[in-house]
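One chain, chain A, links the two complexes that follow: it is found with chain B in the first and with chain C in the second.
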Partner chain A sequence: MSGQYHRSHRWAWFFERPGYLLFMVRELTCFFVGGYLVVLLVTLGKLAGGGETALVEWLASVSGPWWLTAHLVALVAAVWHTVTWFGAVPQAMPIYLGENRLPAPIAAIVMGYGPWLTVTAVILWWVLR
Partner chain B sequence: MDVKDTVMLEIFRYHPETDSEPRFQSYEVPYNEDWVVLDAINWIKDHVDGSLTHRWSCRMGVCGSCGMMVNGEPKLTCAAFLKDYYPFGIKVEPLVNFAVERDLVVDMDGFMDKLQEVKPYIIRDDVNDTSEGEYRQSPAQLAQYKQYSMCINCMLCYAACPVAGHEDEFLGPAALALGHRYNKDSRDQGQAERLDVMLAGEAIWGCTFVGECTVVCPKHVDPAGAIQQAKAMAAQEYFKGFVMPKGTGVSKGADG
Partner chain C sequence: MSGGGKGRGTGGRAATGGRAGGRSDEALWWALFSAGGVMAALFVPAFVIVTGFLLPAGDEAVAAERTAQFAAAVGWWPVKLALLGVLALSLVHCGHRIRHTMMDLGLRRYSGLLKVPCYGGALAGTIWAAMLLWGI
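Take a look at the complex of A and B:
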């Protein structure tokens, strides 16, 4: 229809609402998680490659304060991604008990935090036993 | 309450026959503690400027026609109290992500088309004779979709959705939640037809789960949740389409 007014696209839309910004932060965590995975894969490659010197040299090259900081940032990003993900799971996968829907915090524990902690505990036990 | 108190409303004005660009006009409105923004706009229209154009009907959060941007936030103006903004000014604009027809009125046509696309009605392969009575449903079956049936088509979710503003193919929160409402209805048999529509292009996949549709929904419909559930359902149908012969999978027609 003629005469309508079309407002222009807002390129900086992610600054308009706190929710948009949090969404962008959640999306950007993938770079840190991805970066950490690259380091982990290279480490596994060196380990599988057999040469102990190569592994030791590689590990030395990824230590130091900058690398430690990078790993800490990646850890924070991964935890943030996990927490927001578990927060979203009850919305995406509702559990009904008859007429009643399991409340979101309980559903997040049942489907997210519970299995996460269980798996973590099993791995810790397996590594430390 | 001091009736001499006033509050300033800054209102988006656009009259296509005279304006090439919108402008903002300020109005001083008597402050009344139990007034909502819609009352203030109606007062302006009745007492100051009869040319101000806006939509409203029920004044009780049921009809869904009074949605506007109030200080940048998509709101039902009949549920936005002046006292929550007083003594500061209030900026009122038409819902974003829609073309403006006139002043605070937006073009709803695209939204209406999207609502129709998801076939928001019960589809049956086998229609019972009325003598057999109604299709019965248990409270547990009702609970599966009741939340998603509360939508009043106010379009606040479209104004809150960054994808709806950028991607025309995307059906948007309300339409997808409504489609999901029928897909979850035990009396319905039209799931495959609806999923065909949802699976096309960006219709549902445009959603990146920003989740602000759910935040602004005045009826607690949770469109974001409905869309993620519908995505899971659509993905299942899509993969079923590979393993099942045509006619039983995605493309199941009215007669299977």
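Take a look at the complex of A and C:
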């Protein structure tokens, strides 16, 4: 016995309210992000194991439509994680200027969306330049 | 960043899924979860665009040039260190979230047992990443 009380609920409780469903969708993004991280490790492994030749071969093999679709799903999940994560930042870490609490949208932009867009822009600029 | 657990109340989830009474290691996992959540939020979308679309697609000459550039960047030690940190924290973040999602879907009684695949997998992935990056 754990000594904790847990209210019983249906297995599919997350269908009961739209808010619960959004919560579960947010939680499930981690499976796709995790799956992508494994693919990224494999990609780095090709470079470590066989150098650029092996990496080029591997990248050619992941350029098919199924792989592109998988990456698109991973991208949507990753962006959804980012949007919901930084959306929660103003609640998790409220900023006060004197007596006044910084409005949530401004806090989210300053603490989350701004840095995210900056990091993304720098990485993409670096690859595309 | 701390306090990531505060945003997770929607599903009726208790922030402490660990042992009742005595000390719990949940605080450590929540802290790592929060740090990893920030890392994943900042970097993973850009990573997916780069390795999923920019490197594989395009004509061969462009792909070869980008791949060489990518290899050079990943071979630079500050990038290796940063990448290792981002990967380690993101993996723990995913492991923690998967564990708690499993608990929410009815496996709460196995919360202790679930630590083995979730955090063990994250640790294994981190060691794998360290070995790979060392070899690049």
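Structure notes:
The rule we apply is simple: the second predicted complex is superposed on the first by the 111 of 129 C-alpha atoms of A that agree within 3 Å, B and C clash if a C-alpha of one lies under 4 Å from a C-alpha of the other, contacts with A are read in each partner's own complex, and residues count from 1 in each chain.
The working rule: a residue touches a chain if its C-beta (ideal position, glycine included) is under 8 Å from a C-beta of that chain, and two chains touch if they have at least 3 such contacts.
These figures come from a predicted structure and were not determined experimentally.
Judged by the touch definition given at the top, the superposed model places A:Ile106 against neither chain B nor chain C.
Residue contacts after overlaying the shared chain place A:Ala54 against neither chain B nor chain C.
Set side by side, chain B and chain C differ in how many residues of chain A they touch, and the one touching more is C. Using the contact criterion defined above for the overlaid structures, shared-chain residue A:Gly45 touches chain C, although it does not reach chain B.
In the overlay built on the shared chain, the residue A:Leu68 is in contact with chain C alone; chain B does not reach it.
Touch criterion met: A:Glu16 reaches chain B, while chain C stays clear of it. Looking at the shared chain after the overlay, A:His81 reaches chain C, while chain B stays out of its contact range. Once the two complexes are laid over each other on the shared chain, residue contacts for A:Ile95 go to neither chain B nor chain C. Chain A residues 2-4, 6-7, 9, 13-14, 19-20, 23, 27, 88, 91-93 lie at the interface with chain B in one structure and with chain C in the other. Of all residues in chain C, only 1-4, 6-7, 10-12, 14, 19-21, 37-38, 40-57, 63-64, 66-71, 73-74, 83, 87, 90-91, 93-95, 97-98, 100-101, 104-106, 108-109, 125, 128-129, 131-133, 135-136 touch chain A in the complex they form. Across the complex, chain A is touched by residues 14, 16-17, 19, 21-22, 72, 96, 99-101, 107, 109, 139-140, 142-144, 160, 162, 165-166, 208-212, 214-215, 222, 224-225, 228-229, 232 of chain B.
Within the complex formed with chain B, the residues of chain A that make contact are 1-7, 9-10, 13-14, 16-17, 19-20, 23, 27, 88, 91-94, 96, 98-101. Partner chain C is touched in their complex by these residues of chain A: 2-4, 6-7, 9, 11, 13-14, 19-20, 22-24, 27-28, 30-31, 33-34, 36-41, 43-45, 47-49, 51-52, 55-56, 59-60, 62-63, 67-68, 71-72, 74-75, 78-79, 81-82, 85-86, 88-89, 91-93, 112, 115-116, 119-120, 123-124, 126-128.
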